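Next come two complexes, and both contain chain A; in the first it sits with chain B, in the second with chain C.
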Partner chain A sequence: MPVTVKTFTSTHDAAAALSSDHSARYLGGGTLVMRALNEGDISISTVVRASDQAMTRVDASGSRITLGAGVTFARILAERDLAFLHAPARSIGGPAVRNMGTVGGNLFAPVPYGDFTVAMLALDAVVSVQGGLGGREIALEEFLQSRDRQAGTLVLAISFAKPGSADAFRYRKIARIKPKGGAVITLAAHLPVNGSRIVGARVALGSMAPTPIRARAAERALEGRALDASAINSAASAAVEGTSPGDNALASAWYRREIVGVHLRRLLSGQE
Partner chain B sequence: MAKTALQFQHNGRDVAIFVDGGTNLLVALRELIGDMTPKFGCGQGGCGTCSVLIDGELHLSCLTLAEMVAGRSVETLDGIKDGPNLHPLQRAFADNFAAQCGYCTPGMLMAAKALLDRNPQPSRAEVVEAISGNICRCTGYEPIINAVLAAASGGRARA
Partner chain C sequence: MLELRKDLFADERDDNLKEIGKGTQRQDMLGHVTGTSPYFDDHKLQGMLHLKVVRSAHSHARLRRIDTSEAERSQGVRRVIRATDVPRNLNTLLSLINFGKDDEPSLAVDKVRYKGEPIVAIVADSPREAFEAIAKVKIDYEPLPAVFDVEEALKPGAPVVNEVYPKNTFTYHETYDRQQLRFGDADRALATADHVLEQRYQMSPIEHAPTETNGSIAAPDTNGRYIVYTSTQALFFSVDTCAKILDVPSNTFHFIGGTVGGGFGGKVDTLTEPLCILGAMLTGRPVRYVFGREEEMQYGPPRGAERIYIKDGVMRDGRVVARKVRAYFDSGAYTRLSSYAAVKCAAHLPGPYTIPNVHGDVYCVFTNRTPATAMRGFGVTAMDFAIECQMDKLAHLVGMDPMEFRILNAYRDGDMKAHRREAKNTALIECVQVAAEKAKWPLREEFKRMSSRKDGGGIRAAVPSTPRESHAPPVTPSQPRTTYDRAPAASREPPPPPPAPPSPPRPSAPSHGATRFSSVFGTRRR
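For the complex of A and B:
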C-alpha cells in the first residue's frame, strides 16, 4: 500500500510531523521501517525523513562522544577515535546492513537485533530526542523502558563518556551464524577502575528481555571490588537475575538463561 | 495517491521515473526500469540477493526507499559487464563453479565488487566478511570465496 513520504530539512519540522500523526514512522537507514513496509505493515501510513546534516555528525574528539542518530555502523568502523565501538559495530549485519543501519534506528531494533544499543546501555548513554513540544535528553535505560511509546519522538543523537581505558569496555555477541546472524545473547560491560577497585560497574544484556537491560545484580557483585576470580564468579551467578528472555528460532528462553552467566564470566575474564 | 518524480543514474545512464510513496529501490529497478538483475529474496535484509551499489557503497535495494537515491548513482549487476565481455568477477564465478541455482549470484557479485573496488587484494577472511550478508543455499560458499580470490589475483590484471 502506498504511503506518504515527507522529507524535511529541519529536524524540528520532522519531529512535529512525527508527533502529530500516530501512523507516521521516522525512516533512518531503512532496515526496520522498509522491512515493515515490505511485509505490508498497514499501521504505517506516513514515512518521515530529515536531511539535516547534524543527524550524521560524529563528535569523538573530547571525553564526551556524541553520535548523530543517522550515523551508520560503517561510519563508526571508519572512525579511529571510536575503536572501542568497532566490535559492536562489526557484529551487526553484513557490509550492506552496516552501510545502511544507524545508531538511532538500533535503539528501536527488536530481539534478536539491537546489539549496538547494548553497548550504549553499558556506557550509560543519553538520548537526545525532539518531540512535538521541544527537545530533551533522556537516559537510555529510561528510553528503552518506554520504547513502545517513543515512535512519535525523533531521536537526534546519542552521547556518552568515552571509557577511560581500552580495557574498561568489553563486548561480546553470541550468534549461531558467524560472522553474521541475529544474537542468541549480547553482553557489554563498562568497568571503570579507581585504584584497583571497580567504581560505577555497568553490565548490559541483549536478547535477555524485550529490550536491552542492565544486569543490576551482576553490577552490584562487581561494584567496589577488584576484577578477580571471586568477583567474576559472583557476577556470573547473578547475571540471570531480573531477566525475562523469550523463545525464538535462535534459542529458547531456558537456553539463554543457562548461558548468560557462562558468557559473562568469559567476558569479564577476557576469554575468547 | 500522488506519485513522486525521481531521477538518478542507473549504470551510468540518467533515468527518470515516477514512484508511489514507499516504493523500494528493488521494485523501482525491476518493475519501472526493467533491470531484472537485482533479485527479490526475503524483503527483510537477510539474504542479500537484491544488493546494489549506491555511490559505490553496497546497499540492499529492497530496504532502500527509492526516493533516497534521487541524484545518486546506482550500479547493478547489469552494469558491470563490458558489452559482450564478462566482468572478471563473472568470469571467475563461471570458472570456479560459484553459481549453482544462481539466485544469490547477483548479490554475491555486487558484494564482491564492492570489496575489490576498495581492496583489490583481499585476504580470504576479508572475502568471507564481504559476502557475510549474502546467503547461498547451494554452494557451501567455498567456490564463491575461491572465485572472488581468483578474480582478485588474476582477473584484475586481465581486465
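For the complex of A and C:
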C-alpha cells in the first residue's frame, strides 16, 4: 500500500485525520517520520500535515512563553527572548536537523534523542493537544507517561513560565560525539530561588528511562534549601533514584546510573 | 606548512612534478561544491524496480523452511529471488587472484552465519512494496550456538562458523592456520633480555559511515548486455565478481562508476551489484538496490576488530632485542579481505625497527559477526597502534626519552628486515627528528646527529639463525608481569639448545620462468 500524504489547513481536520487512522503519523520537520519511512517502517501508511500558521508561532514576550509545535530549533536559536533555551536547542543534531526538527516532534523522539523535551520537563511545561474530541491541555509529565498512546493526538503548542533569572535554569547534555551525537544522558534543572531558598525545584533527566523523567528524589533534596555543597551532595546522591535507564550503543544502563549523580553535581555547582 | 626534504629524497622524486606543497584544486571539486557530481543513484530509469533483501534475525541458525508464498502475492512484487536462483551462489572476493576458497553465498543456503545475512531478495515496483513483502516472508530458524570472540572461536569444541574453514581459521599456503613470521630466536632473546613486557591490545570494528550508502542500479541493454551504475570503489573488481557469481562473461556488463560518495574500503565488497543485475536479468527491467542507513551501519562490512598480544625483550641500554606478536583478526562470518589483512600485518612486523629476533603469528579468525573488510591501511593500522603504544611503554621501562628510544631502534638503510628484505630509503629517524624539532621536543646532540643513512648494514644486514619450529623451545609459561621489572632469573627456563641452521626457503611455484616467492601469496597457483 503506498503512503498517502494529507495536508490540512485546519488543525482540527488534521487532528481528526490523525485520530481516525492507526497508521497515520503527523509530519513536523520529518527528522523522525521520514527517517522511519526511508528505513522501511511499514506501520506508517498516512502522513498528516497541517499548514495552520498557529503551529509555528512563538510567543515569548510575556512571563508565560508559548511555542507552536512546528517551531524549529533554528527558530529558537534566532529568538533573543529565548536565550535560556539556546543551549538545549543547539545540543540537537547538526544545522540540517535543527532547521527541520520541531519542538512538537521532539516530544516523541525516543532515547537517545528528545533532549529539548528534558528542558521542557524541567520548566513544568504544559502541552496543548487537539484530540478527536477537542482541544485540551496536559502536563508534560503526564503526556510523556502516556506517549505510546499519543500518536493519534495532534500537539499544537507547548507553554511554560519563563525562568525568573538566568541561572535558575540549567541544562547539560552528555554526548560522546560533539557537537551532534546522541545523548549518553541529558540533564536540566529549574531552581527558582525565593530569598536564598530554592522553591519549586525541578530536575529532569533524559536517557534515564524510556522517556524523559523527573528526578523527584533530587528535587526533594534541593527543595527549601540553599544551593550549597550539602544540598548539591544530597541531590547528586539521590539522582539515580527512580530511574530505569537502558543499554544502547552509546552507554550501558550501569554506566548511566554511575554518572548521573556526577553530572548533576557538576550542573548544580556550575562546573564545566 | 609542507616541506619537501630534498636532502633526504633527492633521488626519489622528479623535480618536474610541481604539486607537493601547493594548493591544487581537486579535479572533482567543482562538481561537488555545485552539487552537480553524478552518483549512481541519480539515475531514475523508466520502469525501474526496487530490490530489498530479507536479512537474518539470528547470528547463527539453521534455515529450516523459507515460505515466500504470501510475499510473492503481495502487491507490486515482481520477483522473489531465492538462493537457488543465483547461478554460482558461493564466492570469495580474492578468488579473482586465486587466494582463498569460495565461502560466502549471495543468499544464504541452509544456514545463516551472522545477524543480517541476506536470505531472500524481493524485487517490487517501489521500495515500500518491497518492504511490505519482506514482512510477509516467513522463515523458520533453528538457532545454533554462536561465537563472537576470536580466541573462543579457536578453542576445541567452538561452534563451526563456516564449514569451508572448519577450524574457524583461514588456511594459508594450503597448510597453515595462521600467517607466520620467524626471524632469529625470539624465545631465547626474551630469556636473556633485561626486561620483558607483554601487553594485550583490543580494537573494535569501525564502520566507514559513507555519506552515500552502498548501492547500484542495473538495466538491460541491447545485445543481451547489462548496464550497471554503481557506487563501487573497485569497478573492475566488481565486474569480475559479478561475472563469476552470475556465471557469464565479464563483457556482458557495462559498469559505470565514477563518483563514489565515500568509500574508505567499505565499497570493495560488491554487495549489491550481483543481486541487482540478477534482478534485472529475471525481470527484464531496470533494478535498483541501495542500502538503507541502518543496513549500512549494521550489516555493511566494518574494519575488523583485532586482538593483539605483544611480548618484547629490551636491554637496559634501550635496544629492543626480541618482539613476539600474536594477533587475531576478526573476519566475521566470511573471509572478504581479512585474509589479506593478516598477510599485510605479518609483512609489517615488527614495525619500522631493526629487531634481531622476531616471532609473529597472525590469525584470520571466523566468528558469527558481520564480515569485516578493507579500511584505510587495514592490517597495519591497528598493529601500528599496538606497536607504538608498546614502544612508549618500553621507553618508560628503560627510562629513555620515547623519541630517542625510537631513533635508537629505527631501521637504517642496509638493515635486514624481519621478512628478509633489505631496508632501503628508510627515513624514520629523520621523521622523528623533524617531529621533535617542530614540537620543540629536546633531543640530545648524538640523537640529532643520527641518520638513516649511517650505521646500517654490516652485522645488521645478516639474517640471524632461525630455529626450526620443531626444535624451538616450548613456549615459556606466561609469567606474572604486573610491573615492568624483569622477573627473577630463577623463574626462567634454562637457555635453549643452540639453534638449528635456518631452514631452506620453501620452494615456490615458478611464475613466468622466474622463481619468486611472494610474501603475500606464497605458493600461489598460476
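We adopt the following convention: the second predicted complex is superposed on the first by the 271 of 272 C-alpha atoms of A that agree within 3 Å, B and C clash if a C-alpha of one lies under 4 Å from a C-alpha of the other, contacts with A are read in each partner's own complex, and residues count from 1 in each chain.
Rule of thumb we're sticking to: a residue touches a chain if its C-beta (ideal position, glycine included) is under 8 Å from a C-beta of that chain, and two chains touch if they have at least 3 such contacts.
Predicted model only: the values in this text are computed from it and were never measured.
J.: Do chain B and chain C fit side by side on chain A in the superposed arrangement, or is it a clash?
T.: clash
J.: If you stack the two complexes on chain A, which partner ends up touching A:R136: first (chain B), second (chain C), both, or neither?
T.: After superposition on chain A, A:R136 lies in contact with neither partner.
J.: Could you tell me if A:L27 is touching chain B, chain C, both of them or neither one (first, second, both, neither)?
T.: First partner only.
J.: Examine A:R176 and indicate which partner it touches, taking first as chain B and second as chain C; both and neither are also allowed.
T.: A:R176 sits against neither chain B nor chain C.
J.: Who does A:P2 touch here: chain B (first), chain C (second), both, or neither?
T.: both
J.: Would you check which partner chain A:N38 touches, where first means chain B only, second means chain C only, and both and neither mean what they say?
T.: A:N38 contacts both chain B and chain C.
J.: Compare chain B and chain C by how many residues of chain A each one touches, and report the one with more.
T.: The partner making contact with more of chain A's residues is B.
J.: Considering only the listed stretches 5-13, 59-67 or 77-85 of chain B, which one runs into chain C in the superposition?
T.: It is 77-85.
J.: In the superposed view, which residues of chain A touch chain B and also chain C?
T.: On chain A, the residues that contact chain B in one structure and chain C in the other are 1-3, 38-39.
J.: Flag every residue of chain C that touches chain A in the complex, lowest number first.
T.: Those residues of chain C that touch chain A are 52, 75, 126-129, 131-132, 134-135, 292-294.
J.: For chain B, which residues are in contact with chain A within the complex?
T.: Interface residues on chain B, with respect to chain A: 1, 4, 20-24, 43-45, 48, 51, 57-60, 62-65, 67-68, 111, 114-115, 128-134.
J.: Mind listing the chain A positions that touch chain B in their complex?
T.: By the definition above, chain A touches chain B via 1-5, 7, 27, 29-31, 34-35, 37-39, 47, 49, 74, 93-97, 99-100, 179-180.
J.: Using the touch definition up top, name the residues of chain A that touch chain C in the complex.
T.: Per the touch definition, chain A meets chain C at residues 1-3, 38-40, 42.
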